[in-house]
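Both complexes shown next keep chain A, but they swap its partner, so chain B is in the first and chain C is in the second.
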Partner chain A sequence: MAEPAYTVASDSETTGEEKSSPAFPEIAIGIDIGTSQCSVAIWNGSQVELLKNTRNQKLMRSYVTFKDEVPSGGVSNQLSHEHEMLTGAAIFNMKRLIGRVDTDPVVHASKSLPFLVQTLDIGVRPFIAALVNNVWRSTTPEEVLAIFLVELRVMAEVQLKRPIRNVVLSIPVSFSRFQLTRIERACAMAGLHVLRLMPEPTAVALLYAQQQQQMVHDTMGSGSEKIAVIFNMGAGYCDVAVTVTGGGVSQIKALAGSAIGGEDLLQNLMRHLLPNWEKLFSSRGINEINSMGLLRVATQDAIHKLSSQDSVQIDVDLGNGSRICKVVNRQEFEEVNHKVFEKCESLIIQCLNDAKVDADDLTDVIVVGGCSYIPKIRNLVKSICKRELYKGMNPLEAAVCGAALEGAVASGISDPFGSLDLLTIQATPLGIGIRANGNRFVPIIPRNTTMPARKELIFTTVNDNQTDVLIVVYEGDAEKAEENHLLGYFKIMGIPPAPKGVPEIKVCMDIDASNVLRVLAGVMLPGSQQPVVPIMEVRMPTVDDGHGWCAEALHRTYGATLDLVTVQQKI
Partner chain B sequence: MIASGIPIYQFSVPKSSNIYGTFNSDKLNSRWRQKWTEIRCCKQKVGEKARTKKNYYELLGVSADSNLQEIKEAYRKLQKKYHPDIAGQEGHEYTLMLNEAYEVLIKDDLRRNYDASMGPMRGKFGKTLSGYSSWKGPLRPHALFVDANACIGCRECVHHASNTFVMDEALGCARVRVQFGDDDQKIDVSVESCPVNCIHWVDREELAVLEFLVQPQLKEGYGVFGGGWERPANVFMAAKTLSKQLKEQAEAESRQRNGRVKVEEETPAQAEARANASMKIQMERFGRMWNNLKPLFGSNIWDQK
Partner chain C sequence: MASTSSAFATFGSSAAGFMGSKVSVKDTTSMPTRVQFRPLRVSAACSSTAERTVSHIASPSSLYEVLGIQMGATCQEIKAAYRRLARVLHPDVSANGQNNATAHEFIKVHEAYSTLSDPEKRADYDRTLLFRTRRSFAMSASAASMASSAASGFSGYTRRSWETDQCW
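Our next item is the complex of A and B:
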């Protein structure tokens, strides 16, 4: 089957119906698209195998260069030097940018990258462009990701000698549903079908479950229940999960995540070395981009070295007449980044609290991801969890291995030796609810609910003879509705006139194992046995972008005329 | 926490369960509850039976006095079978119920509330309420059996021989709690009094199978949409065919193993794969019946105080 290298498929490719086809004809591959590095793995029949590119690399830099007619990514392209990635022609860190609007602080922080990221701060997509022959070629994170995924797919297809269609992707915990749709769309553009999107630490948890299961088999011991904390910090994101593992089943008890990572450490240190660097480089001529690239590489190098040595000498000529010559020691690095480390600590503590697990109950503490080599990170996890760190995993490959295991399990593959006798029971990383009680966010499915999940709440009208109500669906944990991600909205119309508080509006939310969210709403009047208007069922999200002003415009136009309040349950 | 607490409570209180039914536009099919998804997709509605109450313990296949460890293990075992990752989208509804049951039974306070809502009957009789009769006095060649399909819940038998028969309030029909719990005369009167002649004398050997089959069983895998519980329309016929099915099961399992290999090797037509999958689910169902029967044949169940 000769597929074009770049196919654009419609959104319908990623609908839940298709995901649910009863038999998966092939083993899905696992892909870990990291902010800085990517990898692909597959269950080869007896174990997980990482695929290598033609240069024998298992981990490939995540970037796409727009230098020539055809953009090329980090899978096939050979960088002559690290600096080549920083000439303005290459787009990277797309995982930090995907699905974000230009009011997002993460997008603002990305303005310091050596390509163009412009923001207007009005809640639309940021303008992202690569410098090609002195012309800014505009692109989107999805496009960049899709080009990269095509390369990964081709690489896997060549090695496995079969077409690849189904994939399991690992994603950060803090991704909103918008970002997930963007990822799915990028996959569809690359001709890939997303079987599961798996939060990274849960992929690691699955690998852990398999390792524990293997140990039980080997020692013939009893498979007791084990509680583990998984801390995963890469270049772009930091995730924490608490998993309870027994008999090959990994139950995710709690998830926490934030968009902090190595990139922040890098930028903080760059700012430390050259306090006004953002200003210096704001014009983005060729020379500025070059200097920015040089500083970036030097700083990155220094951070890597600081993992193994106490101090490092930075000596870099920025090419514009200025030269940075400085010794940075580990303590300095930790001070510059103390906010990042504090955030990491708070994520772990929050996750343990959410899971209602005490540090003393933990069996293992697993630290993975690129930042796991940083001594401060290791120490802070150790001190919170009061445990030595788990040693049985490669920190850079754990997530992709877990994704490949999930790929095999969800493809219906079984293993004669029981190595695939595994299951992940996921939990929802963010609460989902609707706007009600004024401008409040009322969660219907709270954070960390076991998936698949279905919950419902009863609401009622706020005005007499209110015929329409607006169901505005949000995702998040903030109390105020607009501080959460708007997922979509729909109207229930034709409610028979009745005094306020009389119609019973039942809103039910259903999340299936592939994370598809459906929202159902029905209206009852006292005494009637049938819903008075047809039940609405909506697959979310429905809004195209996370435009904050959508909600504002709704509010401006309709005020409280379509509002809802919760009904107090009599117990 | 409030948001999650409310729906749980609804499930455990029967009177609020009609909230579900009221959304149901097709009342003939289910008198208790119709799932949201059925409104959308009705293709899975096979052999739907009404049920009056969802029993979390039966759902997880554990006894009411089981400890936390047993509940966790049962939950994991069932999840491994029915989680949509493994069983496909068809496992969705069942997994939802599992999660709901687990959520309640795993937390001490919720479990206590739930046990209380199930009524004092459960607490008093514990295991004996779960459907099997015990014996008073020596074992006899014949035993009493109530065909719950025919029973109209008139309580005549309970009235005449209250030590032998009990009313299963959850199912709305009578059943034998203690074989020969009353004297012969009372039992004869009660058998005679049944307006629909649903009390049968059966061989003792058959009793276990019949009592097993007459209990509403969880419909496995693909059928859970219909409400989740069913019993054979004719238990006597079902008992006869069960042994035959068990034999077939062994054959079919080997057949199905072959099919499985095929799936792994190459991608066959999807239809074939689906056929294999549904066959597998069916076979597993027989496997479960067999597992449930095994302890019964171990005779010591007869005398359960």
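Our next item is the complex of A and C:
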């Protein structure tokens, strides 16, 4: 039956309520939306198969062009030249922009892209626009992603000859829950129902678990297991996971991630070639955009070549009378980007520490993603993990294959040969907690807690006769509350007057099987087992766009009058 | 429609958990491959704040029972038992619609596993288990409500995982 017109679903439909609803009759497809490229795969009954577009491509550029009346994306559109993407008419790098506010450094780094990213630095969503016939036409990352997803959906529907509704998407580890809601919103706009959002390295971990299971015919009765590090770096994000695999069960021990990727390598090298390029192009006339595009293409090309050769000759005429003619060697490239590489190293080390795994315990080291071709990346992973790299995976297809496997497993498909006898036990990529003890972030569910999870902590008032407290929920790992992602806030009212430190405010956080976060808070008085006011139950995140200034506004309005402190645990 | 009812189920169970962990033990009886829990005797969980892992699971029965293994089980056996139970109880694999019930089961199994798979935590736990049987605690429900005193009496093994601030 034909699907009705694609519409934007309501809030409640996009926040995952139905994720656990029963019995999907169809196999969900797996989609890997990369910052630069994306792909779609499905379990075809015996193995994972990548779908191809009409031009026989398995990997498609992630962009949407607003050139004509109808926007067209990289799935169907044919670029006559790489440079066409850089005229200002195309929006790309959606994944770096989605769900971020205009004070975010990643948004600021995106201001040097050919299309318009405007910031006011007040914590609202950035203004994004494409250049169409000399007019900056506004759009949003969600809209761009939705247009792109519709194209992917049509492509899959044509090939599979059936309507597609359910999808498993791979997402970066460092995405906040607010960003996840934006991804779900974009999917809803495209008429897709998100079955799971999987951190990218955990999708790779699932593929690894399947490969290991097939290889050794390991029965789950045996306790033998393999420990692997997965390092995944694409154009926009760098993610690391430590997984323990045995008998088709992939337990995620630790996750670490950051918004660094090939885009940063590219921008750093562009800055190296033309030190003040951002300033030169800031006026953003047609000519400047063209020059910037030419420089970008040349730099990109040079980086690709430096993966296989020691030095590269860059010779590019910027069209504005200036010409860049320079030989760049690999060492220079690595020096220019040493901070990015250092960050990669620290993510791996942090992830191993969090997993309490020593490099000597590792069975395999898997490096995937577009940046996995860069020698420096391969070397740094090898030297930290003291292992040669795993060879059994296509670096550009591993994540989407994992997502497709999860799609089949989550759709309840079974395989006679046991190839889908798989399970991923996920962990929380970021800590979740509340603001307390002054302006500190107190995690209630720490990072890398196995999901589903439920934890609680007791707080108390800071003022005598304090009748209200403010629960401000954050996600992240920074010590200062405001350096984390705000998820929402609510007030508990009607606490009976009592000296400070007496009322017990119990805050409980629950992440259920569908990754829905609920925050519960109640007040107890000593000697009573019953809450004195009804318990508050709030599904998070509750914040909307423009949440960047909420925390500050709350602080300005209430100061410390509604504050909380942790209660020292009684032993 | 279906979502509404599941939301209510969560609310019910979450509210139950809220009244003190002694209530939350009730729904554990349906768990397969494991003997039925004894009624709760000690409410160490009442004192649990930061480190819920250790104290919470102390209440229903022995962690070994949660995993369905012998007390002297090897590390391999613990891991195998955990994986076997995960394959049944993890909400992703269990029958659709029952997710909220199995989520709680899985959390308990995982807590048992995370204690027993860590040699140090396991040694600590084994000591308290011995201590508990020797003293044969048979606290009544009313005594259990004296949360702090009851807990301070015996839960010396409850390790704090972070420094909480004093009230000031």
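Operating definition for what follows: the second predicted complex is superposed on the first by the 554 of 571 C-alpha atoms of A that agree within 3 Å, B and C clash if a C-alpha of one lies under 4 Å from a C-alpha of the other, contacts with A are read in each partner's own complex, and residues count from 1 in each chain.
Basically, a contact is a pair of C-beta atoms (placed from the backbone, for glycine too) under 8 Å apart; a residue touches a chain by one contact, two chains touch by 3 or more.
Computed from a prediction, not measured in an experiment: that's the story for all the values here.
Trainee: Put the two structures on top of each other at chain A: do chain B and chain C fit, or clash?
Mentor: Once both complexes are aligned on chain A, chain B and chain C clash.
Trainee: With the two structures laid over each other on chain A, which partner does A:N379 touch: chain B (first), chain C (second), both, or neither?
Mentor: After superposition on chain A, A:N379 lies in contact with neither partner.
Trainee: Where does A:N437 make contact in the superposed view: on chain B (first), on chain C (second), on both, or on neither?
Mentor: second
Trainee: Which partner does A:I413 reach: the first (chain B), the second (chain C), both, or neither?
Mentor: first
Trainee: Applying the document's definition of touch, where does A:G501 land relative to chain B and chain C: first, second, both, or neither?
Mentor: Only chain C is touched by A:G501; chain B is not.
Trainee: With the two structures laid over each other on chain A, which partner does A:E26 touch: chain B (first), chain C (second), both, or neither?
Mentor: first
Trainee: In the superposed arrangement, does A:T460 touch chain B (first), chain C (second), both or neither?
Mentor: After superposing on A, A:T460 lies in contact with chain C but is clear of chain B.
Trainee: Please work out whether A:N329 is in contact with chain B alone, chain C alone, both, or neither, and reply first, second, both or neither.
Mentor: A:N329 sits against neither chain B nor chain C.
Trainee: Counting only touches as set out at the top, which of chain B and chain C does A:N320 meet: first, second, both, neither?
Mentor: Neither partner.
Trainee: Just chain B (first), just chain C (second), both, or neither: which does A:A513 touch?
Mentor: Both: A:A513 reaches chain B and chain C.
Trainee: Quick check on my understanding: which residues of chain A belong to both its chain B contact set and its chain C contact set?
Mentor: In the superposed arrangement, which is not itself an observed complex, chain A uses residues 20-23, 225, 246-247, 249, 251, 409-410, 412, 423-425, 450, 452-457, 506, 508, 510, 512-514, 520, 522, 529-531, 535, 537, 569, 571 for both chain B and chain C.
Trainee: Please name which positions on chain B make contact with chain A in the complex.
Mentor: Answer in residue numbers: 1, 3-4, 6-7, 9, 19, 21-23, 25, 27, 36-37, 39-40, 72-73, 76-77, 79-80, 83-86, 88-92, 95-96, 99, 102-103, 260, 263-264, 267-268, 270, 273-274, 276-278.
Trainee: State the interface residues of chain A toward chain C in the complex, per the touch definition above.
Mentor: Listed in rising order, the residues are 17-18, 20-23, 220-225, 246-247, 249, 251, 409-410, 412, 423-425, 437, 450, 452-458, 460, 462, 500-501, 506, 508, 510, 512-514, 518, 520, 522, 529-531, 535, 537, 565-571.
Trainee: Applying the document's contact rule, which stretches of chain A touch chain B when the two form their complex?
Mentor: 16, 19-23, 25-26, 196, 225, 246-249, 251, 406, 409-410, 412-414, 421, 423-425, 433, 442-446, 449-450, 452-457, 506, 508, 510, 512-514, 520, 522, 524, 528-531, 535, 537, 569, 571
Trainee: Residue numbers of chain C touching chain A in their complex, please.
Mentor: On the chain C side, the touching residues are 2-3, 6-7, 10-11, 14-15, 17-20, 47-52, 74-80, 83-84, 86-87, 90-93, 96-97, 99-100, 102-104, 106-107, 110, 114, 145, 148, 151-152, 155-156, 158, 160, 164-168.
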